[in-house]
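Presented below is the structure to which this report refers.
In this document, chain identifiers A, B, C and D correspond to the written order of the chains, with residue numbering beginning at 1 in each.
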Amino acid sequence: MKQILLAAVAALSLGVAAASAEPVKVGMITTLSGGGAGLGIDVRDGFMLAVKQSGNEDIEVIIEDDQRKPDVAVKLADKLVQAENVDVLTGLIWSNLAMAVIPSVTAQGKFYLSPNAGPSMLAGKGCHPNYFNVAWQNDNLHEAAGAFANVEGYKNSFILAPNYPAGKDALTGYKRLYKGDLAGELYTKLGQTDYAAELAQIRASGADSVYFFLPGGMGISFLKQYAGSGIDLPVVGPAFSFDQGILQAVGDAALGVRNTSQWSKDINTPVNNAFVESFQAEYGRLPSLYASQGFDTANLLLSAMSKADVKDADAFREALREADFKSTRGEFRFGPNNHPIQDIYVREVIKEGDVFTNKIIGKALNSHSDAYWSECNM
Amino acid sequence: MSLILLIEQILNGLQFGIMLFLMAAGLTLIFGVMGLINLAHGSLYMIGAFCAAAVAGATGSFLLGLIAALAGAAIAGALVELVVIRRLYTKDHLDQVLATFALILIFSEGTRWLFGSFPLFLDIPDALSGPVTLPGGIEYPLYRLTLIIVGLLVAAGLFLLISRTRLGIQIRAGENDREMIAALGVDIAKLYTIVFALGAALAGLAGALVGAIQSVQVGMGEPVLILAFVVIVIGGIGSIKGALIGAILVGLTDTLGGIFLPELMKLFFSPATATSIGSSIASMSIYILMAAVLVLRPTGLFGARA
Amino acid sequence: MTRETLFNSAALAALALVPLWAHFSGEPFTVTLATRAVILALAAVGLHIALGLGGLVSLGHAVFFGIGGYAMGILAHHAQTYTPLMEWPFVIEGTKSMPVIWLVAVVLSSVVAYFIGLLSLRTSGVYFIMITLAFGQMFFFFAISWSAYGGEDGLSIYVRNGFPGVNTLVPIQFYALCFVILAAVMFFAARLQRSPFGLALNAARQAPDRVETVGLNPMRLRLIAFVLSGAITGLAGALFADLNRFVSPTMFSWQMSGELIIFIILGGLGRLYGPVVGAVVFVALEHILGDLSDYWHIYLGVLLLGVVLFARGGIIGMLLGREVAHD
Amino acid sequence: MTEAILATQGISKSFGALKASDDVSIDLMAGEIHAIIGPNGAGKSTLIKQICGGLKPDTGTVKLLGEDVTDLPTELRARAGLGRTFQISALAMEDTVLQNAVLGALGGQGNPWRFFKPVLKDKDLLDTAMEALERVGLQDHAKTRTAELSHGQRRQLEVAVALTLKPKAFVMDEPMAGLGTEGSKRLTEFLGDLRHQAPILLVEHDMDAVFALADRISVLVYGKVIATGTVEEIRANKDVRDAYLGDEA
């Protein structure tokens, strides 16, 4: 069991006003092996960095690897709830795993803080008072891209995403705010790595811009092949294909591409600057979007711990709802469905020395909520 | 749909097919000569891509990367053959499936342990980047064109190797009668190691070539492995010619199916439904093709008749 | 009583008693883990009828596991959203009743197994392995893009389905239910192995020519074995979905099919208790090794390799000798 | 004269340019042993496959008890009364001798679709199987695993399994192959008796056995029957001597 019990380093001197009498037990289920492990590792590292910095010794984190398999995630959730009797769960990266785990753990009275996935079901009809999303609702970054397309004056976008629910949500999200026409709308095979056929269609479509949602290796392949195709249209994507972890693998092909994100390492606030610096110092690499989400999740939890005892569920829930913590992304508060209300930025991929990274070039949406909150009754 | 787009898509299908052929050729060779089902072939593909990315990253030369991919995969193949695979020849297919499945686990996690969980960078050389204009005004990426040519050259080389060289004679003999080639005084153990390394090198080459336009990451081998199996089963296991034709069939089916099926469905359904249903059927199309071929010809197109 | 029967009884007794002990010593998770092992064992016992008795190396048994899972998922989904499954030509409502779900799972997987078998059994050897894999992949990709039932996200069922007289929400009660089903199916499978059909099927694996020349059709024997096999694996799928209260396309994945084969070989091919021992050991290993290291797949790989290379006959074979007793 | 129990009428089969069977007409009368001899590659195996099923002739018909069975699969020919033994024993090696015999009895009974009652508790099947084992002298080995039998015993078991079907005609593919002198002698005696139960079409290399047993002999060379007749006739036949027996006799 990978228990990380934190030693009481300078806890006294920091003098955290710990209202919680008992230690809080946190179960983190995330992807640490197999494909997509990079995301889980970043969430974990960001989360643990915040815990370490707080010096709070009243928190015990149990970390488990879901291997990106829903049935394994369910098994681990059972274990954490039944055997470890945790108070709070967190860590899931993927929407399908989130859907498998979250409804059942919140029904069992546990708190769940999502550091990454935000399926629409859980923001709308399936919302739950014990479920807090600290990242975004799945559609958010795509909606921002649609809004950005209007600003840029795109009139005829070609949009594509993998043929699975998150892909369909993504394109729906883009179309929600986008006012122009569509030159084409394509669903690719999940896990597809060759996009020659799609690129040929884009070339022939007469589009004036391209929007894609292809997470992980799919995005790397698409961008590299897009760069080689000679198609000269502006391409926009959500931050997932441009995060710090995979940007180096895309290389020059990503340079200059605009992407939407609720966080960027150059958000110039003391909190964020300190986060970027300390993350680099601790792990020897630049933090990613996922690391920032993990970091924020832990800080949200710590803020609630300082206000209420986790055993008093109602008080603890209220403390979480207040979101009284300093987010790396600046303004952060929860909407009525416990999903973030936040600004979403447009970033551009640049090269700093030898390292590819992102720079903010503007704001796509201000204090943006999501499209589902009105369906949420709680 | 314009003719130019159609031709471009056919080229894409062809290119995809030829990359599959590089994978499938090694797989079918190994099965033909040694009678071994090697699920770990996808791992050799991954090893090729990682070697190429590591060496190209360190030296800046794509060509050196390719050589490293060939050498790295061949060495890994020879090692695996010596340590594990040669104990499997006498076992049944079931044991082979399980043992090589175990090898996948070891290779994947081992690679992740060595290189970390993030994808590696491998880019195409500048000389091959960008599109070229083909006769008829078709713009086509130069690198993909190069892939088609390299793949066809490798195919030609393999045919020559099998039909003209001493090694080829031994390979063909090995496919027909193991005891006879032992009687001829050929060192079977050595022959098997060489064939396995050759198959591994082909997989490594494919991994490096494809890695340059896709992403070099742990687990990249498995989807390709399944496709390569589909290819050799359609073509008839053990037949290089079958692998080539099967690969091109699969490449074209996959590429063209993805384009035409949604269009076809639009004749019957609303556009959104059509796109969805069409994409669904397209993602199943090569498996439907394979099942259909096997139902009609239970040992593939060019397989030995039972 | 031979050593083997002794071993088998001990294994079964352990499977019954360990969760009971865990329950009373306040370790509900061990019970959940044991439930998982029992259900996977059931799925592998299903495969054993095709693979161990019939010699049919199916790399597509996840199809039936998945069908069972989706039978549960779809029926329960409609029941929990109060929407009928079908309104025309007649109304079909969803259900939260396990017996009904099991029946649907068994019938559906039998029918699908019949058709897959009919087509696949035209081939043999490697081609059979691959054509069953192809059918598995078809179902996998279909499920991923079947957005009406969640596509890749799968379907979540919030409350476990019910069984008359049992509170399925209590881990130990649900475990007991699964254990009884496994025991019943194993009893049936043991009888099957000794029945006229079992004798003929066993012979069809070893000497198909002989079976033909005594006037029996090996193809039909295999087809029926494949259908029975698929039905049992389908039933296990429905239980597995209920254990997780969740179904997703991963139940259809080729890795799932591969795991079922691993259980059988790990435990001991050709023995009825092979898949059971294999599944239990695998679940335990996954649990223990997973806690040991992030890179636990390496250990698992080495272990499997060791079993194939040095312990033919699997764990039971290692303990009791290779010979598989046929009465 | 009564009708033949088993007969081929002008069957031909080609594999590409190779004529494996060329207008072969052979018949098997009640109570006789009809031997087919011929050099290696004469097309004996191909002929047997066409008679027993598994290979369909290009032209010609196969008749069993006057019925045309050319289009029937192997198992239906077996049910129609054709008993067969293989050149290389085809037995369930992991199973016991008794189980193999019971399999035959089960086939004779024709209903394997029983899934629950233990087959070894079915008295009818057991009786049939034991009777057959007794006839070949394997009754004491009933519980032995087939893989542990000697070569000769396996040949005996082959015959026993065929006997359980109570066939109307036997087709035996080199039953003497691999038997020692003693074994051959015993099997020769046994087959000599068996012909009265059902006639035997015997493909055999062991000339001593053939000459001792056969009522008639057909000589197959390059897929063609070059002569059919009694032992004496064949011995005297010049074509046969030239084509085949020349170097041996």
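The rule is simple: contacts are C-beta pairs under 8 Å (C-beta built on N, C-alpha and C of every residue); 3 or more make two chains touch, one makes a residue touch a chain.
All of these numbers come straight from a predicted model, not from anything done at the bench.
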Chain closest to the middle [Cα centroid of all protein chains]: C
Contact-richer chain pair (by C-beta pairs counted) among B-C and A-C: B-C
Reference chain B; chain at largest CA-centroid distance: D
Between chain D and chain B, distance of the C-alpha-averaged centres to the nearest whole Å: 49
Inter-centroid spacing, chain C versus chain B (mean Cα positions, whole Å): 32
Inter-centroid spacing, chain C versus chain A (mean Cα positions, whole Å): 36
Rounded Å distance, chain A centre to chain D centre (Cα mean): 75
Of all residues in chain B, the ones touching two or more other chains: 108-109, 112, 276, 279-280, 283
Residue list for chain D, restricted to those that touch at least two other chains: none
Residues within chain A bordering two or more other chains: 33-34, 163, 187, 189-190
Pairs of chains satisfying the touch condition: A-B, A-C, B-C, C-D
Contact set on chain C toward chain B in their complex: 51, 57, 59, 119-120, 122-127, 129-131, 133-135, 137-138, 141-142, 144-147, 254, 258, 261-262, 265, 269, 295-298, 300-305, 307-309, 312
Chain A contact footprint on chain B (complex, rising order): 1-2, 4-5, 8-9, 12-13, 15-16, 108-109, 112, 116-121, 123-124, 129-131, 139, 141-144, 210, 212-220, 223, 255, 258-259, 275-276, 279-280, 282-283
Interfacial residue positions of chain D with respect to chain C in the complex: 52-54, 73-76, 78-79, 82-84, 86, 90-96, 99-100, 102-104, 106-108, 110-120, 122, 125, 161-162, 164-165
Residues on chain C engaged by chain A in the complex (per definition of touch): 27-30, 32-33, 36, 141, 144-145, 147, 150-154, 156, 158-159, 171, 240, 244-246, 248, 250-251, 290-291, 294-297
Chain D partner contacts - residues on chain C that touch it in the complex: 188, 191-192, 194-200, 202-203, 206-207, 209-217, 221, 224, 324, 326-327
